[in-house]
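Chain naming follows the written order as A, B, C and D, and within any one chain the residues start at number 1.
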Amino acid sequence: MFRNNYDNDSVTFSPQGRIFQVEYAAEAVKQGSVVVGIASKTHAVLVAIKRNAEELSSYQKKLFPIDEHVGIAIAGLTSDARVLSNFMKQQCLGHRLTYSRNMPIRSLVDMIGSKAQINTQHYGKRPYGVGLLVAGVDDSGPHLFEFQPSGMTEEMIAFAIGARSQMARTYLERNLDKFKTSTREELIEHGLRALKESLVQDRELTVENTSVGVVGYVKETKKTEPFQVFDGHEVQRYLELVADDKKEGGPQAATVEDESTAMDVDA
Amino acid sequence: MDHRPQAWGRPRDDVYGAYDASYLNNSGPRTVTQSPVVTGTSVIAIKYKDGVVMAADNLASYGSLARFTDVKRLRTFLDTTVIGFGGDVSDMQFLDRHLKELATDESYEVEPTLDDEDDEESSSSKPGHLNAANLFKYLQKLMYQRRNSFDPLWNQILVAGLDSDSKPFLASVDLRGTSFTSPSLATGFGAALAQPIMRKYAGTEEDAAKLTREQAVEVVKECMKVLFYRDARSLDRYSIAVVNKDGIELKEDEQLEKQSWAFAERIKGYGTQTV
Amino acid sequence: MAMFSQNPLLNGPNYSFSEAPKFNAPEGARQHRFDPYTDNGGSTLAIAGADFTIMAGDTRLTSGYSINSRFHPKVFKIGGTTSDQSDATLVLSVVGFAADGEALKERLDAICKMYRYRHGKPMSVKACAQRLSTILYQKRFFPYYAYAILGGLDEEGKGAVYSYDPVGSYEREQCRAGGAAASLIMPFLDNQVNFKNQFIPGSGEGHALQERERRPLTRQEVETLVKDAFDGAVERHIEVGDGLQMMIITKEGIEEVILPLKRD
Amino acid sequence: MTSIGTGYDLSNSIFSPDGRNFQVEYAVKAVENGGTSIGIRCKDGVVLAVEKIVTSKLLKPGANKRIATVDRHLGVVYSGMLPDGRHFVDRARDEARSWRDNFKTPITTSDLASRMGNYLQAHTLYQSVRPFGITAIVGGFDAQEELPVDGQVGSGPSCGAGGKNPDKKYGGPFLYMIEPSGLYWGYYGAATGKGRQAAKAELEKLDLTGEGITLEEAVKEAARIIYVAHDDSKDKEFELEMSWISGRDGPTKGLHQEVPKALREEAERLAKKSLDDSDDEEEEKKEGDKMEE
């Protein structure tokens, strides 16, 4: 009802008590390609589908290391993601200089949560057009958080955001109870299988379009296995874990994404 | 009768003479106090097998006057860390308040432990909470920052507890931000009098790791006695704390025992002898 | 004790600089101003080899006549991506006022980390050397009272040593000693590393006598020189002793060695 | 609704001809579609509880806390737009800290409510901001004893009342609820969010105004009320979170803490049981009516 008068800025409530600009920002997250995150008792894993603008262009980076114990997967406007990831990097570095420890993931995520909330309450500001999955470890073990443009941040066992991420979430819900005790390789395998659920039928996981990020925590020695991103040929050994149900007709050439992207969305 | 407002509520100039405002500094830069007023003397501490023992007497001196005799110079943080303050007592109070606020912020991060059932969390390494090593780094930065702005916190502080690997942690930081760690530490007079004694028992980290709790407490009590003998700004009532993975045991009103002033007879000018 | 004593002359050995506040100050100046500096003693040494660099320093920390700590490292790996600096490529040694030294190290480390995050590769020793110079000069009028030496391998893989004064003037050298016992160690290095005042016997008379020809030293020779240098310094300088920390930088990585020194 | 289409409801701080700020009223709508939260003031403490709707099975159980601690003796729970609620809590913590900086004592619950009320009201005065999409319930226990001033040294003078009026009672449990307009009242029992009507009905049945109920009873009642309030939207799964504050000699020693897991689970078991019993009664009543026809 009269949606167009209430959706011009992020300081106007609609009669039903909604802020349309924030809801539209959440749509921008769905424009980005799908990313999946899973946490177990010992590791946290991020996997992502990277997209290229055209056949010969490079692939958009999706996984970013923030500090040795935390990394993020992004879906949506890459420029907004860069602003948030630089902020997170500075906060982690500052925290380590002040307390000489891994910054607790919850307080890091709360910071970008309150940063994003402000953009939904002041005139002239717009919500961030990017969603994040934050995977990291601290003294209380591995964590996976989801960050939304509304400023909402929640801790998850596993999650997926981005284009057609609902299929990936369904896979994750079906295998939910396996994750807690999964090994590092099993977690990555589950992540990649969830990714495959969200692929358009003729597309598939290749070394060009898939990224894997892993971080770990050994409780006995309290040592961190630093966050690491695997791209290109380094991803091959993980792809073999999920190569079993390859469709017949061999690997087709990756067709170009059909959706037209208005803004410089991370394709 | 002078009805002008400047005269209201003031003793009359014609009776008491003009007001002497020379002590006021209404010209020149804004200055901050840069010298200690009410001060505490040495703080000493020694590592042992499972933790650290720290002690400091309960005196706050105003120059050479023993002004306050019930000042607690050992403070605790989140029952994981003991902090001992030497030097200015007002700066100690400020720091104690500041650390209490830091502890309050810590209590906001209620961290669900890894798994409720599988491991009991010892208090000193509650996940997510700052341990002694983290707090020390924070204090070191705070002291250095205040030094840089020429508005120092005029203290030398010992921080004792456990570090991230749950091993005994003991370190010192002073008003300039200079920080260091050692198996045994002492501030002020203690550096000259107590350290040589403590280093006999805890010369190296390995020696300290062999000390039992009782031995460590004994050495610290011995040093407190020596300091009472020789430090003219010390007191025979003191606080002593033992911190290990089970938390902190703090006793804040100990009386110095087994004193023997027999050696005084041999000092020329003591009592009546003139030799 | 030295810190609270009102008598400035008790403020420890005035080897490196005079810190006694002036008493004949003009009227109105405060007598006991807060002195932001102190001297924590200790000594450092850096020698560049053909394909390696050795950075060394003692581990004693003093203030005045008391030993604060027998193990307080002065040589740090910097620029690594993780806190254990396992993939660090640069080494910084600082000596003088310990608080400034540590602050300087942490700032340079943070800057190297951000450089590596932004450019995807570690900072070269040449670039880091210039950056350190600007950091020092920024505080030209309230200096970091620390003598810094930066070590690493240059683009061709040769050992590189850059030495600094507290306000940032720097120079690349073959070897440099810093800190309290610099005046004792440096001549030893001139003679043993750069073969100064060493001549080939019987090679000529008077001016025709030829200087001994300089050659790059092997790693083993340099390690021995470092140990001898510090043993000498410990004998004659009370602020040096307790422990010797050495970092050997090669293209395989950075190896750390800790050896005991006299504790008197 | 005379508002829509008149243009008076488009921006904040604008009065409509009948004197209403519609953006604030719309903000209250945002509160109403959030999970239910309640507060109960008993004679020896305060209990806060919230119904956290589980939006996805992938959420980590027990990890996403909604009831926040402000200072050490104050708890805040809220319904509505959760990021707004977190911002509210951050601001409340700053207010508590600045109070301590100035007065060296913990802030009282009424002062915090007053300051937060002002903060929310300020967001209804300008077109450059929007009102808060939450209603917050603030519960606290103000110290009854003479607390040492922070950083106090020595025990102070041993004679004289120290400025205290001996027969006046200080401190105790307090409960406030603050709406998006900035309006707040003190409550014995407060409820907001989707199931607030049902919750208010249940709260009024309890004897809160008279002799008052104990903390343990209040924990059980709070669980039951949340289950009753949740009852109508049965399909959605939810997680109950509860916290409590007692005096220095009570179970929480003056601190705001989460209700221990064992006590919470016990309260939930009783709540489910009493929910089933009341369902049976309705069947009997229905059969009774049928029989009469």
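To be clear about the criterion, a contact is a pair of C-beta atoms (placed from the backbone, for glycine too) under 8 Å apart; a residue touches a chain by one contact, two chains touch by 3 or more.
Going by UniProt, the chains are A, D = Proteasome subunit alpha type; B = Proteasome subunit beta; C = Proteasome subunit beta type-6.
Because the structure is a prediction, the values reported are computed rather than measured.
Contacts with subunit C and subunit D (Proteasome subunit alpha type) are shared by A, B.
Each of A-D and A-B has its own count of C-beta contacts, and the greater count is at A-D. Chain centres computed from CA atoms place D at the largest separation from subunit C. Subunit C has its Cα centroid 33 Å from the Cα centroid of subunit B (Proteasome subunit beta).
If you average the Cα atoms of subunit A (Proteasome subunit alpha type) and of subunit B (Proteasome subunit beta), the two centres end up 47 Å apart. Taking each chain's centre as the average of its CA atoms, subunit B (Proteasome subunit beta) and subunit D (Proteasome subunit alpha type) sit 41 Å apart. Across the assembly, subunit B (Proteasome subunit beta) contributes 112 as residues in contact with two or more other chains. Residue numbers of subunit A (Proteasome subunit alpha type) whose C-beta contacts span two or more other chains: 97, 100. Multi-chain contact residues of subunit D (Proteasome subunit alpha type) (touching two or more other chains) are listed as 63.
Pairwise, the chains that touch each other are A-B, A-C, A-D, B-C, B-D. On subunit D (Proteasome subunit alpha type), the positions that touch subunit B (Proteasome subunit beta) within their shared complex are 62-63, 65, 68-69, 71-72, 93, 97, 100, 104, 150-155, 258, 261. Of all the residues in subunit A (Proteasome subunit alpha type), the ones that touch subunit B (Proteasome subunit beta) in their complex are 41, 97-101, 104, 106-107, 138-141, 219, 222.
Interface residues of subunit C facing subunit A (Proteasome subunit alpha type) in the complex, by the touch rule stated above, are 81-83, 106, 110, 113-114, 117. Subunit A (Proteasome subunit alpha type) makes touch with subunit D (Proteasome subunit alpha type) in their complex at residues 1-2, 5-6, 10-19, 39, 110, 113-114, 116-118, 120-124, 144, 150-152, 154-159, 169, 172-173, 176.
Listed in rising order, the residues of subunit A (Proteasome subunit alpha type) touching subunit C in the complex are 65, 68, 89, 93, 96-97, 100, 224, 226.
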